[in-house]
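Given below, in the form of structure tokens, are the structures.
Next come two complexes, and both contain chain A; in the first it sits with chain B, in the second with chain C.
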Partner chain A sequence: MATSIDSTALDHTSNVSDSCHFMPCKIHFDGEAKISDFFCSSFKHEDGSLTGKFRGRPLNGKELNVPEGYTGVVLTEPHKRSTEEEDRLLIPSHTFDKFTYWNLDKEPSPDDLIERALQWVDLSAVLHRPLSTEQSQDSQEMSGQGVVGRARTTKQKGPYRSWGIFAIHCATNVPQSQ
Partner chain B sequence: MDQTVFEADRRTNCLLESPICDRLKKEPCWLGIDEAGRGPVLGPMVYGICFSPVADKEEFGKKGFADSKTLTEEQRDTIFADINSSLDILGWMVEILTPTYISSSMLRRDKYNLNALSHDCAIRLVKTALDRGVNVTEVYVDTVGDPVKYQAKLKEYFPTIDITVAKKADALYAVVSAASICAKVARDKAVKNWVFQENIHLDEPDYGSGYPGDPKTKQFLQASFDKVFGFPSFVRFSWSTAAIIIEKDGVSVEWFA
Partner chain C sequence: MDPERRQSSKGSLSEEKKNEKIKREKSASSSKEKDQWVCVLHDELVKTKHTEESDRLQSSVCKLRHPRTKAGGLYLISPEETEIFQLFNFKEKYRSWFIGNKVHSDGDLNFTAPMDPLFLLLPYLMATNESKKFMTLDQLICDEDFPDCVKLVSLCSPDQVSLISDCKDIDDDTKVYRFSKEKTLSWLKQKTEILADALADKKVQVSSKGSHSSMFVRSKSAATSRESFVEYAHGIVSDCLSVTLEEELKIYLGISDEKEKDQDSQAENEPPKKRAKLEGDITPTDDYSLGVDLKKSKKNTKLTTAQKQLSKVDKSGMKSISSFFSPKS
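The block that comes next holds the complex of A and B.
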């Protein structure tokens, strides 16, 4: 039922900032892959833009930094649970403070979901900021005037709804060392 | 043919050209266009042009720059050497379109089909010849797609030039045949000297003709297959031959909108 992350393992992780790629597709595979040979070899830097290819398709890439105060974590699940009632234990194997995201044949822009998701991180910090005791006393009277008590989650299409899930989603392919 | 520039980066299209003598800039010239490597699933497609003064048509015809399906690679190389030592009466250019370029053009969101790609390459070469100062007054080219539409398209770009789009143009016009030699020699060399950016090493370095039906080509596709990435960039992913193998044996990949 509960999902926990063994944070003690964070001390033993290596940084993979240079080899973390957020792809515009779901690859139904977990395991070793020849990323440097087949993917990184396709990269081209031209006029400040980055392009690559995956299975012949043109991709446009952009490097993003993990927001200030956050760390990107690659999580592994050594023992998959057999039922949903069991607890899940995730172990950090790598960390990253930046990554490259890729669009399928589309220039990267601030409208891209991943950029909006990272903006949400800053927004949520503001929205979830604890109210002072003074404010919370008044909030009963002020409720009609729309004082923020609970943040509304923005509905977003895509495989993630919050930063927490994003960290797990990056875990699927552990990049091989070069 | 020196392909050092192409070999420096096989992911990028490459223009190779001969020097152009003054006669070709002063006198009216006829120009032939042909291509090589359109059908294969492996390697680049190459477009070639050859141009020569209209006044020398008869002399040109006698030079024997005739391409044919029966020529061996060595025979073609010899003819190309002749072409390349006749730069007092002709010039040539080839554009090597990489398999990467072909795949990504045909697989991008705004699909760019092979015919359109071919037309644009031919147009680009003629434009380049004109930019270099060649006095082109007649163009001869083999049909790609609908000949009427192709002729109209070329006429639109080159209104003052006499355009002839004809089936079997390489058999009818010596300058098209010469262009065909240049294109084939370029393609053959590019394929023969291919170095894989993917760092793969094969037991059998012979890819065959590169056509999907060729047993050596089929063998190469099996040998170079990777279940995550599909194939090295030498393979045209937009060809159904490649797509079918990936669909059947590759891991499943779902592209987001």
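The block that comes next holds the complex of A and C.
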């Protein structure tokens, strides 16, 4: 029933930082392809911007670093379990500490969803950092009763939900292999 | 040429065909066995010190009750069960990965973000609020649907738990806890303030009026008030809180729902209007209506010969021609 990640295998993974690309298109295929021959050869570095071509379409790329303290990992499940009760083991096959994300004919900007997603990681770390007991005690003495205001049910969802535009939600299912 | 391209070249698909296509794609991707996931994991989860003991320990994926949705959420726990991370799924409509020389059709990115275990503990603490009893962590954290919740016991240190609850020492080693609303609200307020500071530091757009592009140059920089940051931070914090606690925190922080129109309009100073402002009474320089008096009778118009002859005749018994064309009464 338990799902675990074998971190000892990390030493045996290949680092794909230079060849990890986040494409702006859905490709219905899994497997080997001559990416370096046909895609990587179209790259052009001009004035600090990266452009490429894929299937005749212009792409604008930007290299993004994985946030500090994190590692990009490609997890695989080599043995599919035969029953629901069996334990699952996920093994890292590749690692990366940066990757290139591509937009279709649009300059990469900090408004791009993937950039905001990574920014969310930093913000989340700030929110979830455990408070030190000293900090908390001081604030309890100072806070008093707080400000009294009218309780109103929020009719519309607050502005912070705009982070939701990049469909951030709790993964509710353990990655299904069936 | 793949079938999707052929269909689109025929022109717009009807709604039915579109739905069928989506169903086919969905079933195709779910029947395709997913066995690779691109993730961004915290180093705690993947980089372990290689001692004999720790080689046996591994990070685990657990299903725990989400404090807001009450449904299951996926969380990752570090090998030594000291830290917990929430698993997020980033999904854009049309994305795929190239990893080395391999194509990976699933364009999702799964990433982990740290999670304060107290947020996960809160629902259990609050559930026992009515009884007002002091309980140990083992007794508090019971959940039939989510057996992994026992791991929360080792994740929550007594110091941290005492930040949101009243605690007592029993029998030297045993500690018991009871939910404390005041402590919890104070703790949440601190968290919100720290987050608001971070939002201000990173200059995140928090205004409620539409979305702003970071590339749009404004003529005057809008100073976002501290209140907007606190309100925005409250929103983010509420993602980990139950609805009732969200409302209580809102009151505690003093956030009001009223939209301040003045604040918003001042925030965007438009470039000066091109039309020159007029001063004084606005009257037209040429007023053509002055010479005309509508009440005066019309000038005498010339009459035709037939009309002249008719005016000489006695018309008392005559019917007008239009009476022959009126509908039968």
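Definition applied: the second predicted complex is superposed on the first by the 117 of 178 C-alpha atoms of A that agree within 3 Å, B and C clash if a C-alpha of one lies under 4 Å from a C-alpha of the other, contacts with A are read in each partner's own complex, and residues count from 1 in each chain.
In this section, a residue touches a chain if its C-beta (ideal position, glycine included) is under 8 Å from a C-beta of that chain, and two chains touch if they have at least 3 such contacts.
Everything numeric in this text was worked out from a predicted model, so none of it was measured.
Peer 1: Per the contact definition in the header, classify A:41: touching chain B only (first), chain C only (second), both, or neither.
Peer 2: A:41 sits against chain B, while chain C stays out of touch.
Peer 1: Considering only touches as defined above, state whether A:56 meets chain B (first), chain C (second), both or neither.
Peer 2: Only chain B; A:56 stays clear of chain C.
Peer 1: Report the partner of chain A that touches more of its residues: chain B or chain C.
Peer 2: Touched residues of chain A are more numerous for C.
Peer 1: Contact-wise, after the overlay, does A:5 reach chain B, chain C, both or neither (first, second, both, neither)?
Peer 2: second
Peer 1: Which partner does A:21 reach: the first (chain B), the second (chain C), both, or neither?
Peer 2: Only chain C is touched by A:21; chain B is not.
Peer 1: Just to be sure I read the superposition right, which of the two partners does A:106 touch: chain B = first, chain C = second, or both, or neither?
Peer 2: first
Peer 1: After superposition on the shared chain, which partner residues are touched by A:33: those of chain B (first), chain C (second), both, or neither?
Peer 2: A:33 sits against chain B and chain C alike.
Peer 1: Could you give the residue numbers on chain A that contact chain B in one complex and chain C in the other?
Peer 2: 24-29, 33-34, 39, 158
Peer 1: Which residues of chain A touch chain C in their complex?
Peer 2: Counting only chain A, the residues touching chain C are 2-8, 10, 14, 16, 19-36, 39, 66-67, 69-78, 80, 90, 92-94, 109-111, 113-114, 117-131, 133, 135-136, 139-140, 143, 146-154, 158-163, 166-178.
Peer 1: Where on chain B is chain A touching in the complex?
Peer 2: Counting only chain B, the residues touching chain A are 11-12, 100, 103-104, 107-110, 197-200, 226-230, 232-233, 235-238, 242, 246, 251-256.
Peer 1: Within their complex, state which residues of chain C touch chain A.
Peer 2: The touching residues are 2, 25, 28, 30, 32-43, 45-48, 50, 55, 58-61, 63, 66, 69, 71-74, 76, 79, 86-105, 107, 109-116, 118-119, 159-160, 162-163, 182-183, 185-187, 189-191, 194-195, 198-199, 202, 204, 206-208, 211, 213-215, 231-239, 247, 250-257.
Peer 1: Which bits of chain A are touching chain B when the two form their complex?
Peer 2: Residues 24-29, 33-34, 37-39, 41-42, 44, 53-58, 104-106, 158 of chain A touch chain B in their complex.
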